[in-house]
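One chain, chain A, links the two complexes that follow: it is found with chain B in the first and with chain C in the second.
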Partner chain A sequence: MRSFETEKTQVEEFDRSIYDIKDAANASFEVNSGLTPAIVQKISEEKHDPEWMRLFRLKSLQTYNEMPLPSWGPPLDGLDIEDIVTYVRPNTAMRAKWSEVPDDIKNTFERLGIPKAERLSLAGVGAQYDSEVVYHNVRAEVAAKGVVYTDIESALTGPYAEMVRKHFMKLVPPTDHKFAALHGAVWSGGSFVYVPPGVSVEIPLQSYFRLNAPGAGQFEHTLIIVDKGAYLHFIEGCSAPKYNVANLHAGCVELFVGEGARLRYSTIENWSKNMYNLNTKRARVEKDGIMEWVSGSFGSHTSCLYPMTILKGENSRMEFTGITFAGNGQNLDTGAKVVHAAPHTTSHISTKSISRDGGISTFRSAVVVAPEAVGSKSAVACESLMIDDRSRSDTIPVMDIRCDDVDVGHEAKIGRISEQAIFYLMSRGLSEDDARALIVGGFAEPIAKELPLEYAVEMNNLIHLEMKGSIG
Partner chain B sequence: MNTAINQLPVRTWNWLGVNNVGENAALFVPQNSEPRFVVGPLPAGVQQVQVPAQGVPQSGMGREVDEFVLQYANASCFVAAEGDTKTPLLVEGFLDDAHPQLVAHNSIYAEKGSSITFVEVSRSATQTKGLLASLTQVYAARGAKVRLVQLVLTGDNCKSWNAVAATVEEGAKFELVRILLGSAVASAGARVNLAGQHGEFWLDQIYFGDTTRSIDINDVAEHRGEDTLSEMHTAGVLAGDSTKLLRGTIDFQRGAVHAVGHESETVLLLSKTARNKTAPLILCGEEQVEGQHAATIGRLNQKQMYYLCSRGLSPAAARRLMVEAQFAPAVDKIPQEELQKEVLELVARRLDENEESFE
Partner chain C sequence: MKKPLLEIQDLAVSVDDKLILNGIDLSIQKGELHVLMGPNGTGKSTLVSAVMGDPRYAIESGSISFDGEDITDESADARARLGVFLSFQAPEEIPGITLENFLRTAAGAIEGKPMRVLAFQKKLKEQMQVLDMDESYASRYLNVGFSGGEKKKAEILQLLMLRPKLAMLDETDSGLDVDAVKTVSKGIRAYHDEGNSILIITHNAKILEELEVDYVHILENGRITRTGGRELADEILQSGFGALQKEAADA
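Take a look at the complex of A and B:
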């Protein structure tokens, strides 16, 4: 059992030293900052895009220029796209062996524990450094089952080219919002996964995104197709060292969950605090399919992240489990969206947020039940914990119900530790401080247990604390 | 288009259509007509005054509606209460073809330690295409108790705006009872500034949407004082092709130490084509608070229905019983029995009219 006596009486800032080590900028190629048709053309040429993709990029750029910035959400004043370098190619081609990756890049991933995790607990790893994937490998036995796990550029011209074309930005069209349009214009890197019917990938795949170049943007595209009756657990990690200039992450994740299939998508986002993380994630789930999201948002200066699930097939379901930890200077606007578009669909959204030291955390959600979604059920629960009165915590849920045969519940809570619970624990022999620490430790527990082990340890480092006057 | 009516205190995705009402108050410039507006006998301790209560915030419906009422008001009732007034003050408005518009500016100033019940009822002739717009400003001084009961019983061709703005000082209590049973388009919004320590705001609200009725609500409890309390509870029925949007916000501002806010909504959906939107916000800038929200949306509980029917009630009687039970916390706070009866009869009639949607 932990010794409470040695714990501190405040929430500590997370030790970011591992993440903040910078490599010297050593790109083999980068475009000028800003966004013009010439820059988009140049990116397309450098990446040897098929013609349809070149046209897609230019059309997306046009959409980007026509769309206004969102009229809601955190301020984006500190972000000027004219200052952002949208494409930085690292000084290496993609490798399938870590030994062939240049030392400086390899060492960065070593420090982040990626190769070790691959050896111990992953079925495959993709590692992106700035705008390009530098390493991709999948275990032979997994590949033998027909599982495809590759960088998306290779997929775009390889045997799965038609499949990629059929799905690319179909769930998140560039017209969705301004930063989806930006992504459509300058996307680079990311992963493509295809799990054939009935195949269960027992150990997870992981993609790790590292942005090293200052003032750069990362726009990776992740496309995952889990076919009928298949199973996959995919882990996404992201980090960057801290610079004094704004960096931008506007990735896009599109997930297709086939009939009776199940996909678990875990993310630990730990960007540096100069990062604008404006990421879009969306899943479409067919009949009897299951989509599970686990999402931890710890880093970045500003985040707008609301994974969306479209329950398209009868009896499909989704679960979203999320935690957001907003510290000094951070404005983290996170949550989830779900559309029930078929009968007997189920959604369960459960989130926790912690704000400390002037941090702002906002939970935002949308539950839409379409007229055809008879017999559907939805439950949303969000709990917020404020550590001090300099911080903010807002809860903005919306429900739009267009069907009478539904069961929709929503609960939101913000408050202090129950005095009764403290009294009870003290009556069992704990000191008051121990009792408070125990209750606060329990606050994040339901989320921690959903995380892969190494991330749960990382999160516990964050929340190994004792505090007074908070929520139970 | 001006879009400041019933604005959500913090905006969210535009595609959800909850950020505000898409209408423009300036389009409803009233004719210069005499209103039918009757102020009942003043209870002992209540007197009419010339000036409305000062120091109240903008209403929940927003500046645009407030300015509209202040500019075009054709009726008003400003009162001040002293001491404990036992009997309620009844203010009635009526719309008919000769008096199709009522723009009423009402104000209640409750002196220290006083108590007052103010009942606003609006009705109309069945076919009249009318507009009812009201702004009621409330100032509850230290230890005062104000109960404001608003009954919107206007007909199906009317549009109504019921805006409320209140300031609640130390130890004072403001109760708002809102009964939304009328108008084709019924909008309402209250903003309550809980300024003083131990100030309280209680909202009990019911609505019944049927046909193509549209109901749009924006209530905000602003906790500024320490140990303040807000209890906002709504029960509603949606039938036919009706739509309803309830925005309810508990806003804990910095310094509102030990404030407590609870909000709940129960929505009974009686039709496949009704549409319910709910946006319950909790905004928090203070650590030592307790805020909670809960919403339940769905059909009548089938187990309870089965039980009641097994005890000999017809399905219609069982439904009526269950709806009345949900509406009781609000209806019970209407001080006049005849008004309670009128509300319950109207609810029963609406249920009967929508009988076919239950089958």
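Take a look at the complex of A and C:
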């Protein structure tokens, strides 16, 4: 019997050429690999930290040393902090004009389409290269409304220093887990955003994080405060070229959504497949506030990423929409967590995961409903698609409900691509690869339409590339 | 005699190692409309699926030629690009891709070049009007949540948009109300001309009423047992296959 198998070619890894172009090492300063008080001290000096931050770093390091590795989740054996260079300063100061950014770094961001996106569809851009932000700019009309968008280092010493100090690692304390402690000790770069009461930022801000140095870690900190009745859409993108040594990303995102405010936070993570992505994201939402997460995880060797939302104020809401695509050699452990801490709060978590070519995709969700959260609603739905028999997909939902008057639902589906559906599409002239890509693209479509357009296009391209020559 | 568009010679087809069709010969010329009838479970769908290239059906022996080319070993997409089309009895639902995007992708695959968006949309709108389809269907996901009748209309819409050389319609009229059958029949007439051919599987007279039938074949127990003109279909629709079998036994 004739079968599809005969027509297949196997492609080990898809064409990542745009992401994979490496710049020659040209750092102005980097610390030795490993983690000691002297290294942390050195980073603090290099960054001209205020005194409280220097002490904060050293205390975090102590916490790091005292805490065990997580007892669950994907193995982290390939990651040895002794081999990681925690601070690499690029050979430039932060600029507000692309023309002033050194050519090699500028060209990298040009290839990633960042300056173009800035001209066309963004209100402001921050671009980080290794450990420091190399470009930060916000449109004059947005700044005129009182919106602050800057690198976090400037914010630490500028007019918003007190606000930063009041919020920095308060939502994600260094004691949260070992990599939060690591972040507290060696964090560098990231963005600070403040949107004043009632201000609506109509077009998005975007920060892009690029890690070029082999064996390095990126530990950017993102702090966003959206004040009462304000609105912001913030986009975060990340990528790195592939190296044969492990790289580490342990960023931290803290989001404060004020009363009646709304924040949309979109991420497309496309790290290279030697990256350990151990990222922590958390949002706190006040009364009538809305938090919307859109999250796409495509890259990395290993990911642990579970954005958490604390619905602190009455009537606050959150929506999480996520997609994870695990290919060959990837173990992507992603999900979302929500705490209903006030009455009449609503959460809606909807995720899709795709695993192929031996990839492992695990979805974890945790829904906690506190006794006072009467009249709250929570709905969790996750759908997985396994492309072949060698791939894995797991769903691990946890629910901790301490209130009777709540409406909680969970729905999980795991499926495969139907051979009949492939035949149907092929009978209309599509090649087998195109038929598969179309079905996988269709599966991802409800998520894609939530993404900013250029990322939706990128995601579709990634899916098509990943599906070329996939195993049936 | 000119070369047939479709020529099936001594075809044997099995599924899951069970022989379904054996010794099938069938030849269809350009411009002809053939009807395939037969009791349930005798292999009518197997025949059209095998011609389309469904990999679940294994060709044990014999050959299928299309437009002068041997397509016995071709994949379904290659056959589609040569001009073979099958209207499925139960078309698959494909979430996340709209009918319009799908049709444009398919038309592009068959033409070998991308479709111009505006011209395509204009044509799509016209063909949907022929089939009394609400325009909103174009932006709905392919067959998802379509009723049985809507799915069949969507199949005929694909036929009208892709304009294949051979249209095989597997019980496209079954489960449809009288008006929907008329609409489907109208679609078939809009498609049919001297340059293309049709093979219809049906159990009903209604769909044939307004069509010019050239040949009727009866498939029983994996073989074509009789071939005739339109009168053969009328006879079966009046007296059933049983009478036909009895007649054959008496002869």
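Following the convention adopted for this analysis, the second predicted complex is superposed on the first by the 423 of 472 C-alpha atoms of A that agree within 3 Å, B and C clash if a C-alpha of one lies under 4 Å from a C-alpha of the other, contacts with A are read in each partner's own complex, and residues count from 1 in each chain.
Going forward, a residue touches a chain if its C-beta (ideal position, glycine included) is under 8 Å from a C-beta of that chain, and two chains touch if they have at least 3 such contacts.
From a predicted model like this one, the values you see are computed outputs, not experimental measurements.
By the touch criterion stated above, A:438 is placed in contact with chain C alone, chain B being left untouched.
When the two structures are aligned on the shared chain, A:366 is found in touch with chain B, with no touch to chain C.
In the superposed model, A:425 lies in contact with chain C only, and not with chain B.
Here chain B and chain C are compared by how many residues of chain A each touches, and B touches more. Once the two complexes are overlaid on the shared chain, A:446 sits against chain C while remaining clear of chain B. With both structures placed on the common chain, the touch criterion links A:386 to chain B but leaves chain C unconnected.
Under the contact criterion defined above, no residue of chain A touches both chain B in one complex and chain C in the other. Those residues of chain A whose C-beta lies close enough to touch chain C in the complex are 1-4, 7, 418-421, 423-432, 434-435, 438-439, 441-446.
Across the complex, chain A is touched by residues 10-14, 16, 18-19, 252, 254-255, 267, 269-299 of chain B. Within the complex, the chain A residues that touch chain B are 71-73, 362, 364, 366, 368, 371, 384, 386-389, 391-416, 469-470. Here chain C touches chain A in the complex through residues 52-56, 58-59, 73, 75-77, 79-81, 85-86, 88, 91-92, 94-97, 102, 105-106, 109-110, 141, 158, 162, going by the rule given at the top.
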